[in-house]
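The two complexes that follow have subunit A in common; it is paired with subunit B in the first and with subunit C in the second.
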Partner chain A sequence: MWEQIRANKRNSILLLMLMAVVLGALGFVLGMAFVRHPAGGLFGVAGALVLWLILASISFSSGDQIFLAASKAVPVTKKVHPQLFNVVEEMSIASGLPMPKVYIINDPAPNAFATGRSPESASVAVTAGLLGKLNRDELQGVIAHEMAHILHRDILFVTIAGVMLGAIALMSQVFLRGMFYRSMMGGSRRRYSSNSSGGGQAQLVMLVIAIACAILAPIMASLLYFALSRRREYLADAGGARLTRYPEGLASALEKISQNTIPLESANKVTAPMYIANPLQKKGMKLSNLSSTHPPISERVKILRGMGGASLTDYSQAYQKFSSHKSSLTSVTALKSDEPVALRQGSAAGFVGRKKQARNVGDIMRKVNKYKFINCDCELKMKVPPDFKANAVKCPRCKTVHKVK
Partner chain B sequence: MHRMSRTAFKRSLTIRKWPITMIGEMNCPVCKNSAMVVLELDEVEVDYCFDCQGIWLDAGELELLLDGSHVANALLKSFRPCTDCSEEKRPCPICLKKMQKISAGSESEPIIIDSCKKAHGLWFDAGELQNVISKGSLDAGNKINKLLSDIFKEQ
Partner chain C sequence: MIAMLILLAIIVAVILAIVGIYNSLVRLRNQVDNSWSQIDVQLKRRHDLIPNLIETAKGYMQHERGTFEAITQARSQAMGAKGVAESGKAEGILGAALGKFMLTVEAYPDLKANQNFLALQEELSSTENKIAFARQSYNDQVLFLNNKTQMFPSNVIAGMFNFTKRDFFELENPEEKNVPQVKF
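So, the complex of A and B:
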């Protein structure tokens, strides 16, 4: 665990440095091309470093907020879903971390992610579909997996990498589009001012930069993907199993998540590696894929089910037995300090049925969307949307009048 | 007006696998600006407009209610595309595209309802759903039947 934390902190700093170098180089090229002064390159570098500082401070101060907003996650109170809060509290106690903020994403596809700069400012987001589909043990497994990501400081690295990737993608878009409009507008103008060669040169530089960015963006993307690769997911699974002492919960949750066929609407390529299961997985796509950010779920489930105990040692033994990788998951020193953890029994949680679950998902989404729930004495439930205009509703069944506002 | 082919019509009636439509709030297709309230009784849910008493049955809801494709098919079989309906076309509360008119119930006294061409669901004006049921298009033990006769028994 400590090794993992150190590696993540080191990687975060490395990534920031790499980004500074890349931006500085871009700034130098731009400055040379546009500023007609011998020190133009230096101006460019200075500008790029300012941009880098802004980016870095954004990813440190509010990177998590950007992701939560991009995923359309809504902060919720304990009232909306008490069970979710209980489970998160349990897991924060088990892991010794402060209670993270809890968000719900209004989406029927089951998935979850954690983000934040440090354990003190961490957030856990789950979709309404996840809450509707999983029983308590399974939800606990998923939350434990996310807490393990927080514990291992995976969240810091992913957040920084995500903001940087987003910035590069944005810049390449700006350059490409800028080039497009320039050539559209400039096409007619150049005929009259063909004696100024500076414009043509700048355009050439723009072209080069645009191409460089276009090449760079996917490389950064795959860097992010590799960095957040399978190893992190396996280790978070191991950490989650240790926290709950019940790997079966996470295993069956993963199974349920993998059976889902609805894509998560608010996920994109940048945020995909953050989720517990790849949200962009298409049906029929081969699960084991080189470019995949997540290990195949079937393999994760097999490892979790093959655990003899709940410790890291048990997980890495199961890993060597069931995964297709030959190398060991953790170092020997990490296993030396590992203490045996016994498995616990699952709690008795009944299956509520498909109808009830679909209804649950709907109700969670409505609560998140600030619907008012009115329970009439005649057992009719009325779910009133927030933009309902009248001040009162009359129950169509027993004619009782209920106040809405 | 151009007539839809029979297969295209049937396809437009097929029920979607998952009720992904229940996320957002919906406005009544008749009153346009009034938000519909969700009514739930015995795990059955319908969207209800307090202004015009119309009822929206979500496709996912329909599937959950009918619970089995043969019952759903029996219901859908009693629906025929309505070619000479003069009733005003209404927008689907989910996709806002114009819905098609469908006649349900007996040949002699058809009840005209609205169905979304993208299979988002069915719209019943005030009293229409009760009429469809009382005309025997739905089997007696059906959950929708029970719900509606229970909720709206005095109307």
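So, the complex of A and C:
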């Protein structure tokens, strides 16, 4: 675990440096392409570095807020979903971390993510679909996985990487478009002003390089980002199993999540690596292995179910046995300090049918939207929208009048 | 002169070592106390939840007076327990009584549908989980502290400044203890 934390901190700094170099190079090429003078290149570098500074400070100070807002996550109180709060509190006790802030995303697709700069400023967000579909043990498994991300400081790295990747993708889009219009205009202009042919050729070469860079930079950045996030998912699974001492909870939660066919609406390519399961993957669709941010769920489930105990050693043994990768997950030194952890029994969780699950999801979404719930004595549950003006409502079944508080 | 310097260096090194060991002992003791207060908060919460739970369940389960009495008795014993070892024993008995109660609840579908009861049940099972998770970290820290107070050279300093061994928090399950003995 300590090794993981150190690696994440180091990688965060490395990534920031790498991004500075990439941005600087991109700025230089673009500056040269536009101005055709070394001063232009320098100007491009300076501009890129200023941009980098702004980006770095944004991702440090409010990267988590950007992600939460982009995912349409709403902060909730314990009243909205007591079980979620209890489970988060249990996991914060188990991991010895402070209690993170809790958010709900009003979406029927089951998924979850954690973000933040440090454990002290961490947030956990889950979708209404997840809360409605999972039982207590499964929810605990998912929260434990997110808690492990916080514990390993994955959240810092992923938040920084996400902001950087998003910015690079956006910028190269802007430049590609700008280049396109410019070359159209430039082309028509060149017909009248007679440029020296050598200068024109140099500009052409520069243009090609600029376009190549603008295309390549976001691809390179996302490749790096995605390659790193797969190992993180395995390690967070291992950490989660260790926290709950009940890998079956997470395994069956992952299974339920993978059966989902609705894509998560507020997720996009940049936020996807943060979630517990890829929110963009539709059923039956195979993403190419290289760009996939998450290891296949079937493999993760198999590893979790193959664990003989709940320690990291047990997980890495199961990993070697069931995953398609032959390399080992962690270093030998990390396993040396690992202590054995016994598995525990799951709690007796009742089976919840599909219809009930769908109703649960609806109820949670209404609660997040500040609907009021009134239970009538005839066992009818009335859901009163927040903009309901009258102060009393009549039960449509037994005609009892209830006060709206 | 050189001998004096070496002697001085040795004395300084010894003092520094003593200060370091003393500080680490204090840190460990504080961590143990802090972990214990975590458990204590959850135990109090459990004791507070039980009367509400029984009050809600009573209306539905008139024929289970024995179960209620067992829980109430175990609760008052657990609340009066002093010290970690004794409290662990009493809490174990209380936990077993609650477990038995939860099994009997299965036979009362009306109670299981009661929203109030469900909320209380969720709180109680969460409290129970929190006790279990907090116990883990408490026991880990007690192990560290006990090792330090018993192993050389830290045991010397521990003895000088009165650092004592602490008890583990073990929840005793009375049923597990009364395993029938098989004789051949």
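Keep this in mind: the second predicted complex is superposed on the first by the 312 of 405 C-alpha atoms of A that agree within 3 Å, B and C clash if a C-alpha of one lies under 4 Å from a C-alpha of the other, contacts with A are read in each partner's own complex, and residues count from 1 in each chain.
Everything below uses one rule, namely that a residue touches a chain if its C-beta (ideal position, glycine included) is under 8 Å from a C-beta of that chain, and two chains touch if they have at least 3 such contacts.
The model shown is predicted, which means the values in this text are computed figures rather than measured ones.
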First (subunit B), second (subunit C), both or neither touched by A:96: second
Superposed model, subunit A: greater residue contact from subunit B or subunit C: B
Contacts of A:403 with subunit B and subunit C, given as first, second, both or neither: neither
First (subunit B), second (subunit C), both or neither touched by A:382: first
First, second, both or neither for A:79, with subunit B first and subunit C second: neither
Partner chain(s) touched by A:356 [first = subunit B, second = subunit C, both, neither]: first
In the complex, subunit C residues that touch subunit A: 38, 115, 119, 122-123, 125-126, 129-130, 133-134, 136-137
Contacting residues of subunit A [partner subunit C, same complex]: 82-83, 86-87, 89-91, 93-94, 96, 136, 140, 347, 375
Of subunit A, residues touching subunit B in the complex: 106-108, 261-262, 354-356, 358-359, 361-362, 365-366, 369, 371, 379-390, 393-394, 396-397
Contact footprint of subunit A on subunit B as seen in their complex: 17-20, 22-25, 33-43, 45, 48, 50, 53, 60, 64, 67, 150-152, 155
